[in-house]
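Same chain, two partners: subunit A is paired with subunit B first, then with subunit C.
Now for the complex of A and B:
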């Protein structure tokens, strides 16, 4: 009886969902409502209005700038949460497993990491700067940059990391993403438009395009640097061991 | 004629790569402990992916793309063998005993568990 009831419920659900699927518009049809609303505008004028030849970047940073600004804030809040619970690492009181372990890192791994880290950072910079022409951008490049710092910390210990990237440098850079977004947003206000609107009617066509491009680059670099540094900071807070 | 030779080199190298991937997968599933499994799976990346990438570099006839593929092959060669080394070293330093065919004098359940960990 129970099994029959289960079967009946499943059958009813199946029929309902299947009828819903039948009602759905065909996938990828240009006549779909979703494809007629904003997509043509994005595709036709996205390069011009967005300021980036990669339309995805233009949409993320320009048309949906508020959303991306929220994402950046989420990452910053994650860092704030981690720091509120775990506190920052400190030169005087913290150490790592690497420093205290009797085994120590392997010579092979140390050599290879030393060899590869410049290339990883180079790739991160490339990904950040190439966000407006090819897949990539601030978040991805920043993640690669953060991964390189995590590698470095795992091999050479937290103390070397603290010596290389000091708190006085790190703390301002952590907020670089939100700051660059705010600066780019207020440029819009300066020209009498809304916040985060990249339209500057007072300027000529070429100057607008150039300025838009520069603003996107500013935001991209800000996101990249901040994401990487925040990754490193979160990792350092998680990695540190209180020295006894 | 030259084309045929180059294409056959590509095909042979790719077949070698596929062979090593298959062997590595079988080794991962069949071998008894972490060390021998690592030994099998690092072959997948170094020899398998490496020879496939070199074969594709031959297929690209030495242009810029094939240079990229060779760099990739070098990267895979370096990083994958380093990863294998680091994992095996960590397992050894953590006290994992390598598997032996004859279990040392006390064949209990405990020794099996130690190998699995």
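Now for the complex of A and C:
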């Protein structure tokens, strides 16, 4: 009976979703409403208005800035939720997988990780800083940065990781994304424009261009650093809990 | 040629998704899930979305898998 009910619910969902898919405009049709108004505007004026030669970055940080600001807040809230349930890592009680495992890390693994980490971090920095000219940006670079920290922690343990990045440094950096977004948003208010606008008609063309690039860079670096540190913090607070 | 590659990738996606559902060993399931994410990253690249491909490869295949493995190592490995 229970299985039948589950199956029935799934079947109803399936029919509803399929009918929604049938109603969708055909993929790639130039007559779609989005292709007639939104896409041409992005493609023709995106570089000029968005300030980034990579149009995706321009759309994410400029046209849909509010949306991205919300996403950044979601990541921060996720960290807050994890910390509320699991609590932050503690130097005194923290153990690591390596410390508790009967076999220590092998020489090959430690050497390879030591050699690879600088290159992974370099790639992360490149991805963050080149977000406005090539694919990538704050989220992507930050995720790579966070993954590099996680790998370091997996091999060398939580204690060395926490000695490298102290809690007093970590806590402000976790909110760097929202902070940089807010700062970049308030720049518009000082010029008599709306919140989070990138267009300042009061300035000359060159000054506008420079300011736009500076704002993009500020937001990208903020998002990148915060995403990386938040991933590291979530991992560390998960790793800390003793075996139940 | 590329169209055929897409078909293979999509079939592999379905196979890995079913594999995650069927597998009772959670460790194996999370590793199959990371294979799913990696394939998904290639599919994003095929759909000309390199931004998403980067995110999927780093978050889906890297960070999420590690978080799953950590959670499994703190709890039980088998699904009841």
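Note that in this section the second predicted complex is superposed on the first by the 211 of 244 C-alpha atoms of A that agree within 3 Å, B and C clash if a C-alpha of one lies under 4 Å from a C-alpha of the other, contacts with A are read in each partner's own complex, and residues count from 1 in each chain.
One rule holds for everything that comes next: a residue touches a chain if its C-beta (ideal position, glycine included) is under 8 Å from a C-beta of that chain, and two chains touch if they have at least 3 such contacts.
As the structure is a computational prediction, the values presented were derived from the model and not from experiment.
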Check your understanding: Looking at the combined model built on subunit A, do subunit B and subunit C fit side by side or clash?
Key -> fit
Review point. So, does A:185 touch the first partner subunit B, the second partner subunit C, both, or neither?
Key: neither
Point to revise | Comparison of subunit B and subunit C by subunit A residues contacted | key: C
Practice item. Quick one: classify A:103 as touching subunit B (first), subunit C (second), both or neither. Key: first
Exercise for review: Considering only the touch criterion stated at the top, classify A:58 as touching first (subunit B), second (subunit C), both, or neither.
Suggested key: neither
Exercise for review: Report for A:138: first if it touches subunit B alone, second if subunit C alone, otherwise both or neither.
Suggested key: neither
Practice item. Go through the superposed model and pick first if A:235 touches only subunit B, second if only subunit C, both, or neither. Key: second
Practice item. Determine, under the contact definition given at the top, whether A:150 touches first (subunit B), second (subunit C), both, or neither. Key: second
Check your understanding: So, does A:222 touch the first partner subunit B, the second partner subunit C, both, or neither?
Key -> neither
Practice item. Return first, second, both or neither, reflecting whether A:116 touches subunit B, subunit C, both chains, or no partner chain. Key: first
Study note, to complete from the structure: For subunit B against subunit C after superposition, the smallest C-alpha distance in Å amounts to 8
Check your understanding: Taking the two structures together, which residues of subunit A meet both subunit B and subunit C?
Key -> none
**Study point:** Parts of subunit A lying in touch with subunit C, wherever the complex brings them together
**Key:** 56, 97, 127, 135-137, 139-140, 143-144, 146-147, 150, 154, 231, 234-235, 238-239, 241, 243-244
Practice item. Spell out the part of subunit C that touches subunit A in their complex, as residue ranges. Key: 50-51, 53-55, 58-59, 62-63, 66-67, 70-71, 73-75
Revision key, fill the gap. Touching subunit B in the complex, subunit A uses residues 103, 106, 108-109, 112, 115-116
Exercise for review: Give every residue of subunit B touching subunit A within the complex, in rising order.
Suggested key: 78-79, 82, 85-86, 89, 93
